[in-house]
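In the two assemblies presented below, chain A is common to both, partnered first by chain B and then by chain C.
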Partner chain A sequence: MKKGSLWSWFWVALGAIYLLLPLTGTFIFSLRAKKDTLSFVAYQNAFSDPKFLESFGFSVLMALLTIIVSLLITVPTAYWVQLRLPRLRPVVELLTLLPFVIPAVVLVFGLIRIYSRPPLALTGSSFTSNILLIAGYTVLSLPYMYRAVDNGLRTIDIRTLTEAAQSLGAGWPTIILQVIFPNLRGALLSGAFLTFAIVIGELVLAAFLARPAFGPYLALLGQNRAYEPAALAIVSFALTWACVGLIQFLGRGKTDRDRGLAGPG
Partner chain B sequence: MAQIAQKDAPRPVMAGLKRANISWAWLGVAPFFLFAFAFMILPALSLFTGSFVDRQGSFTLDNIIGLSQPFILNAYWLSIKISLVTAIAGGLLGFFLAYAVTVGGLPLPIRNVLMTFSGVASNFAGVPLAFAFIATLGRVGFVTVLLKSLLGINIYDAGFNLYSFTGLSLTYMYFQFPLMVLIITPALDGLKREWREAAENLGASNWHYWRYVALPILLPSLLGTMILLFGNSFGAYATAFALTGGSLNLVPIVIGAQIRGDVLNNPGLGYALALGMVVVMAISIAGYTALQRKTERWLR
Partner chain C sequence: MTFLELTNIRKDFGPVTAVDAFNLQVTGGEFISFLGPSGCGKTTTLRMIAGFEKPTAGQIKIGNNDVTFAPPNQRNIGMVFQSYALFPNMTVAGNIGFGLKIAGTPQNDIKQRVDEMLALIHLPNFGDRYPYQLSGGQQQRVALARALAIRPQLLLLDEPLSALDAKIRLELRSEIRRIQQELGITTIYVTHDQEEALSLSDRIVVMNKGKVEQVGTPFEIYNYPQTQFVASFVGMLNQLHCTVANAAQGVLLYQNQPINTGAALAYADGTAVNVLLRPEELHFGNGHGDNQLTGRIETVSFLGATVRVQLNIGDTTLTMDVQNERQLELPRAGQTQVVSFPPHACWVMSHNGSGQ
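Moving on to the complex of A and B:
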């Protein structure tokens, strides 16, 4: 055990350096916008750019709408598959795996091919482009959202809850909205935060659909500035940390595999 | 009527409900299937058919054959190379880290911090990740400057370049090995104490135990997760774009350029390129799922 311990400490030290060095490096770099002193000038500059607030606000709005659409699609599906239509489970699970098979850049390629010409020219106006963007984001969030909801449904006895609600005279909308949703709160919030983390800095869909989102703004900033991108990288990391931290807080007692997992953009 | 029936015979409620509401159930899953069809199946199908059609709209295999031209083969080879390197290196580093906090017997708080950090790091990809590496290892990055001023070493004179294959691999590793940690830790937790004790009672050394017991059990999970890591970097666009500005011709980067302005001078070839990417991803996800299932049978 003693020898093994030294070996273990070696790997943990290496991992810690790998994880922490880019963060501390970036943080210190971001403080050097003003020559010879450390200051938060880069952060002030980054935040005071009106384009920053606009694009960030746009992405937050897109994230919230994506979360709503994603919930409306996955919750009834997971619920009915579990309760009534178990034979659909393999099909639904396969479909929720598809976003892993279709990378974002391929997805947006296909979306543009289908929806940029009549009869379904959604890329024509900014309103319909936003709809397309939200649909694309919903696809990206689908595997995580569905798994979060499905795991949540497994932990509550939905059959008994449904029967109890029905014997009290509740209809289906009431059952879903007032009985199932509240009982799934933790699972739904986990899915929502992960979706938020995926959408907020997403580049590919937003850039190719030409939306004024935070991801493309960041990419452009990176080509023109030195210190502000570093500052916003730190802010993004803090945001990701907050989302994943909340997910893990909500998922206490679950296995490690249920912790937030998402792919790179 | 229904209320009376309910009061008298509570049991048949479920049966009657089943028949009456089965249409409700189909109505409930309909949005999901409609959505999946409109925004996943249809776009994928459209790229698929586009790969087998020429400019005039008639069937052709030329686009698929066209994938064998050197420019495109090089793009696939570069993508495969970077995915292999980061999957193997990231997989090994992730495995040793997971080993250290499970079997290695390090204190629990270290494990918790590592797991949380891995959850964050595996989600920290794309443009901000590229910025972080530029600020750290770029030409005027923190570590680059530190090494120059403290030790007099200029890593860029020594041949290092962040905006190259090596640099991009180092950057991808940042989300690769944490993902390995997250997935492989439960598998290592599943190694039962009895297996080691039984092996030791039969006279096995630590080496024997790992060579003949633990590794064979973990192998499907290790391989499966590395395959997942392969797909994870194969499909990545944003990090590579933000770091190299498209100077490394990876498959996603070429597809992106094709969307922007038909750089291949042949739309059909672009669709075939995307189709090839989906095939690689499908193989990697199928491999991961199959191997993961095999592991779950062992580690109940």
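Moving on to the complex of A and C:
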């Protein structure tokens, strides 16, 4: 092996150790629930808690609804900005990056302040609180979803595809549903999985809006138990890696980039 | 009978006028090319005919309908783009049938029409392939089939061959013309490649800086250019700065040497004019016409079928194209050479650019 690649492997190994050591530690710790042996008891306990399924199921539902709302907002917006309002693009990009700048706790306090009293009292019931939660999640995931959609749109020449469809007699709904959406499949899935990962692990919004989500459940568990939170932390990691793996898988080979974007040069 | 009519079309983008005073009448079934350099307004005009841009002033009529402000999806036009613009998520058959599907055509009719189109473009078994599986030339043929499948009243092509390599370009060029003549469809073709325009068109509209310079058949454009721009843009050109010596007899003076143009001139004696000569009208030796010039050969380029010679005759360098023959003795640089040309090869143009 050449000296150069030996060094590369060294740094990769160092980075891997840095990341994997704490994880390994957590994993081993999660196996020690039963005294003096390694077992999956902590995992069994965690999964057998009815609240686990309840909170996880709730978060999954919120994630799916957030994805749908987010798609319905970002895809037409990004499409219209790219097609007709290119000068607005920097403004819109800045807007979508704001959630990075504003901490979630500020966001949720803002939501509570505005929506906890008439005429917009939405914090009173579960149903309306869930709406607030989805709205908050949509904002949190906006940078990722918008970036994914925007990048997806840039890799296809939407202006020419739109004009081609129009010259063949298509109206706007047909263009968006039959030309734009199908060609953004990979980008939309990437955005969706990122949103999913964010919502599943999110704590602040759910806690302050008092919703029975997975994040607060994990936090509560961490205050009372030792091994089960470690087990669930590993499960969280595994889930996130699965999402990322899926994005990777969908991002290579026969997807948008290799498939139809065979235009000239 | 006029099928497409553009009257006084103007297009402004803010303070910039991209197209001005554009007038054109196209007969049904005609193949018209818009030819000009980048930025001359040819694509903008095409896009106005398609409906993707709205004219600032003027009127566009297709058939007898005023479509000036009609949206593009209501004009029944077929458009072929430089970047093919095939829908990546649909098969070739799906692409070709797209317009018919939107129009609500029954499934069987769509299949029949798609098969017809595939046969027309000589790609009969390609229906199930996706665009990414096709070469550039094949993609452009599918794009053409897609545009024609809906039986449009007008076919618009925006530099469709620019992205293809030279050999494919030649093949596809004749394919396009063959299909256009077979279907008899009125066609507007935008290009900056003069060879394409000259070989394909019934008439050419030469444009420069948003204005029409000349409209005519390829032969007229090449041999009887009406403006300086058309003369120098289309084909190679030699220019001699002359003065009119005897207008009635068509005699000019080039550096105290008489040039006989063979016909009376509509300029006063003493006017400064340019004589335009095409490279292929100049010949070696003194046996090819009254007019003779002597010069020193600067370069000789063997291009295959043509030998291109640069000849320095004093205040200017002439470009000559001599047809290749196997027994041709190639001239050498530095040699003195006499060239001659007949009177009818002279195209006289005034200094401000109008020709006769």
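Operating definition for what follows: the second predicted complex is superposed on the first by the 234 of 265 C-alpha atoms of A that agree within 3 Å, B and C clash if a C-alpha of one lies under 4 Å from a C-alpha of the other, contacts with A are read in each partner's own complex, and residues count from 1 in each chain.
The working rule: a contact is a pair of C-beta atoms (placed from the backbone, for glycine too) under 8 Å apart; a residue touches a chain by one contact, two chains touch by 3 or more.
Just so you know, these numbers come straight off a predicted model, no measurement behind them.
Q: Between chain B and chain C, whom does A:Val179 touch in the aligned arrangement: first, second, both, or neither?
A: second
Q: Which holds for A:Ile67: it touches chain B only (first), chain C only (second), both, or neither?
A: Neither: A:Ile67 stays clear of chain B and chain C.
Q: After superposition on the shared chain, which partner residues are touched by A:Gln166: those of chain B (first), chain C (second), both, or neither?
A: Both chain B and chain C are touched by A:Gln166.
Q: Give the label of whichever partner, chain B or chain C, reaches more residues of chain A.
A: B
Q: Go through the superposed model and pick first if A:Leu140 touches only chain B, second if only chain C, both, or neither.
A: neither
Q: If we overlay the two complexes on their shared chain A, which of chain B and chain C does A:Ile158 touch? Say first, second, both or neither.
A: Neither partner.
Q: Taking the contacts chain A makes with chain B in one complex and with chain C in the other, which residues are shared?
A: Of chain A, residues 163, 166-167, 256, 259-265 contact chain B in one complex and chain C in the other.
Q: Would you pull the chain B residues touching chain A in the complex into a rising list?
A: Within the complex, chain B touches chain A at residues 6, 10, 13-14, 17-18, 21-22, 24-26, 28-29, 31-33, 35-36, 38-40, 42-44, 46-47, 50, 93, 96-97, 99-101, 103-106, 110, 114-117, 119-137, 140-143, 172-175, 177-179, 181-183, 185-186, 231-239, 241-242, 245, 252, 255-256, 258-260, 270-271, 274, 277-278, 281-282, 285, 289.
Q: If you look only at chain A, which of its residues touch chain B in the complex?
A: It is residues 1, 4-5, 7-9, 11-12, 14-15, 18-19, 21-26, 28-30, 72-74, 76-77, 79-81, 83-85, 88, 92, 95, 97-114, 135-136, 138-139, 163, 166-167, 172, 194, 197-198, 201-204, 208, 215, 218-219, 222-223, 226, 229-230, 232-233, 236-237, 240-241, 243-245, 247-248, 255-257, 259-265 of chain A that touch chain B.
Q: Please output the residues of chain C touching chain A within their complex, sorted ascending.
A: So the residues of chain C in touch with chain A come to 50-52, 71-74, 76-79, 81-89, 98-99, 102-103, 130-134, 136, 139, 146-147, 150, 156, 163-164.
Q: Would you pull the chain A residues touching chain C in the complex into a rising list?
A: 156-157, 160-161, 163-171, 174, 179, 182-183, 185, 256, 258-265
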